[in-house]
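Structures given as structure tokens follow.
Here subunit A shows up in two complexes: once beside subunit B, once beside subunit C.
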Partner chain A sequence: MSSSNAAAEASKEAGGKGRLKTASTIASIVFLVLIVLGDIWVWIRNPDDLDRLLINLLLGLSAFATLHLRLLSLASAGFAAIGAYASAIFLVKLGMPIWLSMPAAASLSALIALVIGLPVLRLKDVYLAVATLGFGEIVRVAIILLPDLTGGSTGANLSTGFPYEAMKQTRAWILALVLIGFAWIFSATSRTRTGRALRAIRENADAAATMGIDVVGHRLASFAASAFLAGLAGAFYAHSVGSLDAGDFKFSRAVDVLTYAVLGGSGVWFGPLLGAGFLTALPILLRDSLSFLKDFAQLPNIVNGLALMLAIIFMPGGFTSVFEGALGRRIEAGKSGVKLPRRKRWHSAPVPADGIGEASGGRKTEGPILSLVEVSRHFGGVEALSKVGFDLAEGSILGLIGPNGAGKTTLINAITGVIPPSSGRIVFDGRDMAGLAPHRIARAGIARTYQNIQLFGEMSVIENVVVGRHIHIDTLLPEAWLSLPGQRREESHARKEAHALLARLGLDELAYARASTLSYGDQRRVEIARALAMLTPENGDSQKSAGPRLLLLDEPAAGMNETETEKLGDFIATLKTHGYSVLVVEHHMDLIMKICDRIVVLDFGRKIAEGLPEEVSRNPAVLEAYLGGE
Partner chain B sequence: MDLSLLADPVFLAQNIVDGLSRGALYGVFAMGFTLIFGVLDIVNLAHAATFMWCAFVGWLVMAVGGLPLPIGLIAATLAGSLIGVALEFLAFRPIRKEGADRLSSMISSIGASLIMVSIAEAVFGVSTRRFPSKVLDPRPFFLGGPGGLRISRAQILILVASTLLMIILGWFIRKTRTGKAIRAVSASTKASLLLGIDVNGIIVRTFVIAGGLAGMAGVLVALLTNYISPPMGSTVELRGLAVIILGGMGNMEGAILAGFLLGLVETFTIAYVPGGSDIKDAIAFLVLFFILFVKPEGLLGKKKADRA
Partner chain C sequence: MAALLEVKGLEVRYGGIEAVRGLDFSVDEGTIVTMIGANGAGKSSTLLALSGIVKPRSGSISLGGREIAGLRPDRIVGLGLVQVPEGRAILSPLSVAENLELGAWTRKDKAAVAADLERVYALFPRLAERSKQVAGSLSGGEQQMLAIGRAMLAAPRILLLDEPSMGLAPLLVASIFTTIKEIAKSGTTVLLVEQNARQALKIADKGLVLSHGKLILAGSGAELLENKVVLEAFLGKEGG
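Let's look at the complex of A and B:
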């Protein structure tokens, strides 16, 4: 979904004129109040509808968990069915108390999600949707095929005497408390490193992995969380209706749930709640106010269908994208449209001494920090890399040059595990990294920037850099849920470190700008700051994180002017004095010649030369590769 | 498995005929489905709703209007093309822009499908409609006398139609100017634009063809199953998905062949496996999962570079 565009447009409009912004703030608030009032009205009219509303809100959270990561899962109806039938079986056949049977059934849903998630989540967008759609149907077929266990489609032997149904007075309060609890958990999580990691995965999963974030693990956990919530909602549903019917968990139910998240917006956790509240109340209100719709049974489905289409066409970011500027988190510049003062530009800023920790010591091995041995990578019949080998000494800067298509970026991708090598060894600090997952390689101490900038575009500059601190923050989620002070301290500490790094790169004025609004050169420097944030050891905790640090820069000066390039060269050179090892791919030969200790030249995937800068610049093979010739 | 039944040649032949015609049903449904995917890289989940509406159009023309089968088929085909073009303009074109997510169009088509099915439910109710026997004589032929091989006119019709469609469309896509342009757009929208192909025009034509296929499929399937009802699309849709993935997304001949395969497997499961008629519903999904995990490019599909 191109939520980015809509959000950007919305923000441009909201920011361009102050009056318009005020108007949109008021409109947003009015709309929110209307949703809430509408839902209260629905509740007053018919208390039974409150149950439905609360269950839908729970399903909204479930949809958020997956769609937030841009996983189009249509399995929610299947998980709800598992929750409904399992809780009834636990209750009736195993004699479990009701308050145990529902969470137990939800846990079963989550467990099944973990099992099927491993293979299913490897699939990409459309295929994932199809697979999850198939899963939902399999659940329904299985329910009908296992009458001994489930009582068939209508759960014949399970539907007798759910105690919950009788508790008309209190059950809505209990459900409301459960919902508030989960809302709290979602909101608290979004403020932690986990929430930030999830946003990073949403924005750019590959870049998130090279920041040390376990993308597969987060996806799996989110899928399981989504299944847990759907299972719980299914259990509540079955118990409040007092009977089971496999027909209640059809594909169209999964579509309802999807609609909540699409209409409400999947960027912020409360988006799907707004969507669910709106879509539950609207058909009921329409039917109450327009008498000719009274017997129109298809109304909710038509409203859902229209909402889905209109939202995806006109408001791809959902309700929350429209409100974001008015109510949500603020991203200062680019949002307000106000040009921030840019006194301290990169080329005039002094070079502060601090901001980067020392990165040496703690090595387990002697010798070069990085050794490539016969690294090859082929794509079909094309040899993009052919037996490339070289060493990188600790605390040195190695330049990697070569004509376009020589395999420079492929080599960086191979080292970082983004595209693992077909053969060969990549030894970093004595460990062979070839074939490890990108986040494991990152955690070992290798960070990179990209030739095609890969920032988390919708996040602020500072947030981008704090994502780099992910592996250095060790708050546990329950700490955040309980709002313990340690978590907040660690967050603010990480922010301070990120600010120091931004200042170091002359970017502190832009800390709260949306990353995608920055100029090309600024974005490149944010990438460097983000990579350094990952590599920088923690202050005052040198034992834990001091270790080998390797920074891979893929054309860092592209898009920069001469002054900026020179400044960048000085900066990279100072990294060396702090103990970092650097591999830099660049086309600016002046820069390469000035800062590199050694140079490796690639051509057509082969190493054609290696040596000191002056040696390489005189090498006839290199001249031929660059200038052509016989 | 009851092995004694295997020895009965008439029973075996009967199952082959039934299985192939059941498979032709899936294949005919899946052809337009897979064409849209091949060209636009989107799963048009409103295809099943188009199919269902066209079956109703055929029913209106033939059962209510009393017109003969060929006219009913043509009317349904035209209706399908019309609905297809409407979907393109209302559900797909508005979100087709640079960098748009593939999921957006899928979500949009889910919305369109929901609306179409709901309207059909409101208009026609949920009761099942059938074609009167004057449309197509429901009495089957018996080869080899009573007790021999039974084959109905609807089965013959759908078998012939699916084979013909497979051949004609294969020729069309490979040899004609429009077919070549469709293939060019499916390979790369951008390159096609640069080469001066009217991409939007080609996409509209693709929807005309795919919608028309859905229309024909609607009437043929309704004749075979003798069942017209708003949820008729969703019962075929999942099998259609299994079939287009099995046949390779975007491959129309693959869709027909995969349809035959699925139809045969289902029919043989019913015939030879105890309790098979219950299990058969799960077969399509098992096939689906197996293919997704083992060979996601499908049996006849080619690996896409971006999935390498």
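Let's look at the complex of A and C:
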């Protein structure tokens, strides 16, 4: 195929793709507009329903904060109850002004979320749902059982004198402003390193941790943010109704809130807003428009349920899923302003010679960069690693070989903290890393790739690599919320660096493809780019001198042919000249023999040989266990 | 020898990406056909289209004279085309024996299934030794054997293998190719996709080279091993 032919075909293809995208984008925008129009209709026709709509939208944001991280929480009703009752108590019993009592009550919700979050967020999926459900019921029962404080189920002595209820004209505007403020915060956050870290955790929490992202911390903070918003919504609810009723905070309410996020889509912050808008407006509109059917009082409910079922069947990923792919990527591609060249095949791409940034230089200790001392790991009675020890000299490449099941990947998991060793020491740059959390080990300067590819599959290739820059971007969230120029500069800088890394690995043309659509070998190279992004020190930042850098590659050439493997070998070898230290697990012996300074051989969890490549390749034990007699 | 599998004008698209663009080839009964190509050339996509996991956009796929393009994957397995997926996809909480039994899901002739199970155990003695063990506890090589064994139990007329040697230690790589040869000898036709082009072409009756979703070269395995393009692009050798 000639190149002009290929270009013509590519543009034809892009045209067809463009039309398809445009159609689905238009359809989804029409749908979105319908929801918004429905909500405005509610606004105009039923002022009494407006509070309910706005409060549900606030609850939608609350649901997003947890479900975005795939935390299936049903605690929202409980937190809303805390917000409602606490704000009333603060107002009536402590005499707090209303503008203070509501945020104070929401903060109390967040505080309680931090306390229960630590144990509860260890649970996953349906187990978390049940645990948080239990929490919600405890709150409701506690309210009923503590009448002296809460006034019991109906908050008897608290429901008097809510100034907010009287503010009929302005209160909707206050609520709307609060809502817009939080929507702004969510939207600004999603464009920062924090938003990206959250998406990474959503896609693959284990891989996110090895990129230096504190997974537990982010989960806890999101849970607290969700509780804050639910508490605030509860406070607004109590004050606009003008009375308290514990019955309003039953678990079915929590299910409603969860449905907002499921129906709207939890990938983007405005998904749950659409879900909440749809689910609140539809029954109101149905009630109004079908009111002439007096004999069929339940008809609106049936139509409502039917609409919900149809929506979830046709848009299983939520309302936003329709244009997440189409719109999201176009926005990103447009923003980068980068002209994407035609893809270079790996074997024709130049071997990178510069720009990787010098590693090392900032070390405090002498001797090997990595020392393993009697590292063992048991799984039940099985000894996957048994007293393995070796040194890795700085700036060298160590090959780790051995039969399948010898414990090579277990060893990489032990070094990176994914599966901590049962015993033994893992000394990196003079510091024992054994048992530290994966994100701490990553931050010390250890990056890895995976045997079973662990990319953030639904994110673009470039975004995957920028996640690798997480620990090098130090924007504070408030800076992003205020859209300060420093933050934007740092983002575009990180993006540029990611592009450069992708170019070096021959992947620049795939920068905006969804990572999961790439072929096996290409995905492996993206993993290498992502790991290097984490290790590469800042360019021109003298304050942060590069520390020690260790790259662990777990079968990087699996799924590549011999030519691609050779190219990869050359690339890994150049890393050495830039001061990186590398540990590589591979079965391609040509690659191992060519690039490794030393080789360690494992069999049944034990080290059976170590030495220079030529020594190891002649070792009778290695020939028998691994290489096969020649 | 008649062609068991005949593919004409096959096209596969994911969203807007054209993975396979008009592919023609055939596989004769009882032979091994090896398909090679760079990453992203469309090899895996072709296999997925043949086994019905991905619906081809256009083209015809005939298996023993019967059109199977667009059929459901379970129907295609029933007709005798069985794929061993890339990355093995074994069911790790189940035992080795249970995994193998699942391979025979579509078959009703119990005696023949038992005979095939014996055949698989004879081919892979390691699986017989570990038949009661949980599949997830097997090493990479053993999992690959299990994946192939499971596919064999569906009594395929043609077996599709996607990178069976990937991630295997050198000793096992050699034994996997020996096994593939034995499978073909016992009468099952094999379509093999491999990155280990040298070994895969060595055992092949016919080789196909894919690039950008199209067939750019075809010939006997031995011919392709001498071909300048193949040497340069896949075997890491400077040609001529």
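By definition in this document, the second predicted complex is superposed on the first by the 557 of 630 C-alpha atoms of A that agree within 3 Å, B and C clash if a C-alpha of one lies under 4 Å from a C-alpha of the other, contacts with A are read in each partner's own complex, and residues count from 1 in each chain.
Criterion: a residue touches a chain if its C-beta (ideal position, glycine included) is under 8 Å from a C-beta of that chain, and two chains touch if they have at least 3 such contacts.
Predicted model, so just to flag it, every value in this text is computed and none were measured.
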| item | value |
| --- | --- |
| First (subunit B), second (subunit C), both or neither touched by A:Leu306 | first |
| Which of subunit B and subunit C A:Val141 touches, first, second, both or neither | first |
| Touched partner set for A:Asn404, first subunit B, second subunit C, both or neither | second |
| Touching partner for A:Glu564 - first (subunit B), second (subunit C), both, neither | second |
| First (subunit B), second (subunit C), both or neither touched by A:Phe251 | first |
| First (subunit B), second (subunit C), both or neither touched by A:Ala131 | first |
| Those residues of subunit A which subunit B touches in one complex and subunit C touches in the other | 1 |
| Complex interface listing, subunit C residues touching subunit A | 14-18, 36, 38-40, 44, 86-87, 138-142, 163, 166-174, 195-198, 212, 214, 232-236 |
| Residues of subunit A touching subunit B in the complex | 1-2, 5, 70, 72, 119, 123-127, 129-131, 133-135, 137-138, 141-142, 144-145, 251-252, 255, 258-259, 262, 296-298, 301-302, 304-309, 312-313, 316, 379-380 |
| Residues of subunit B touching subunit A in the complex | 42-43, 90-91, 94-95, 97, 99-104, 106-108, 110-115, 117-119, 121-122, 234, 238, 241-242, 245, 278-279, 281-282, 285, 288-289, 292-293, 296, 307-308 |
| Subunit A residues within the subunit C interface of the complex | 1, 6, 13-14, 16-17, 20-21, 325, 345-347, 401-405, 451-452, 513, 517-522, 555, 558-566, 587, 589-590, 626-628 |
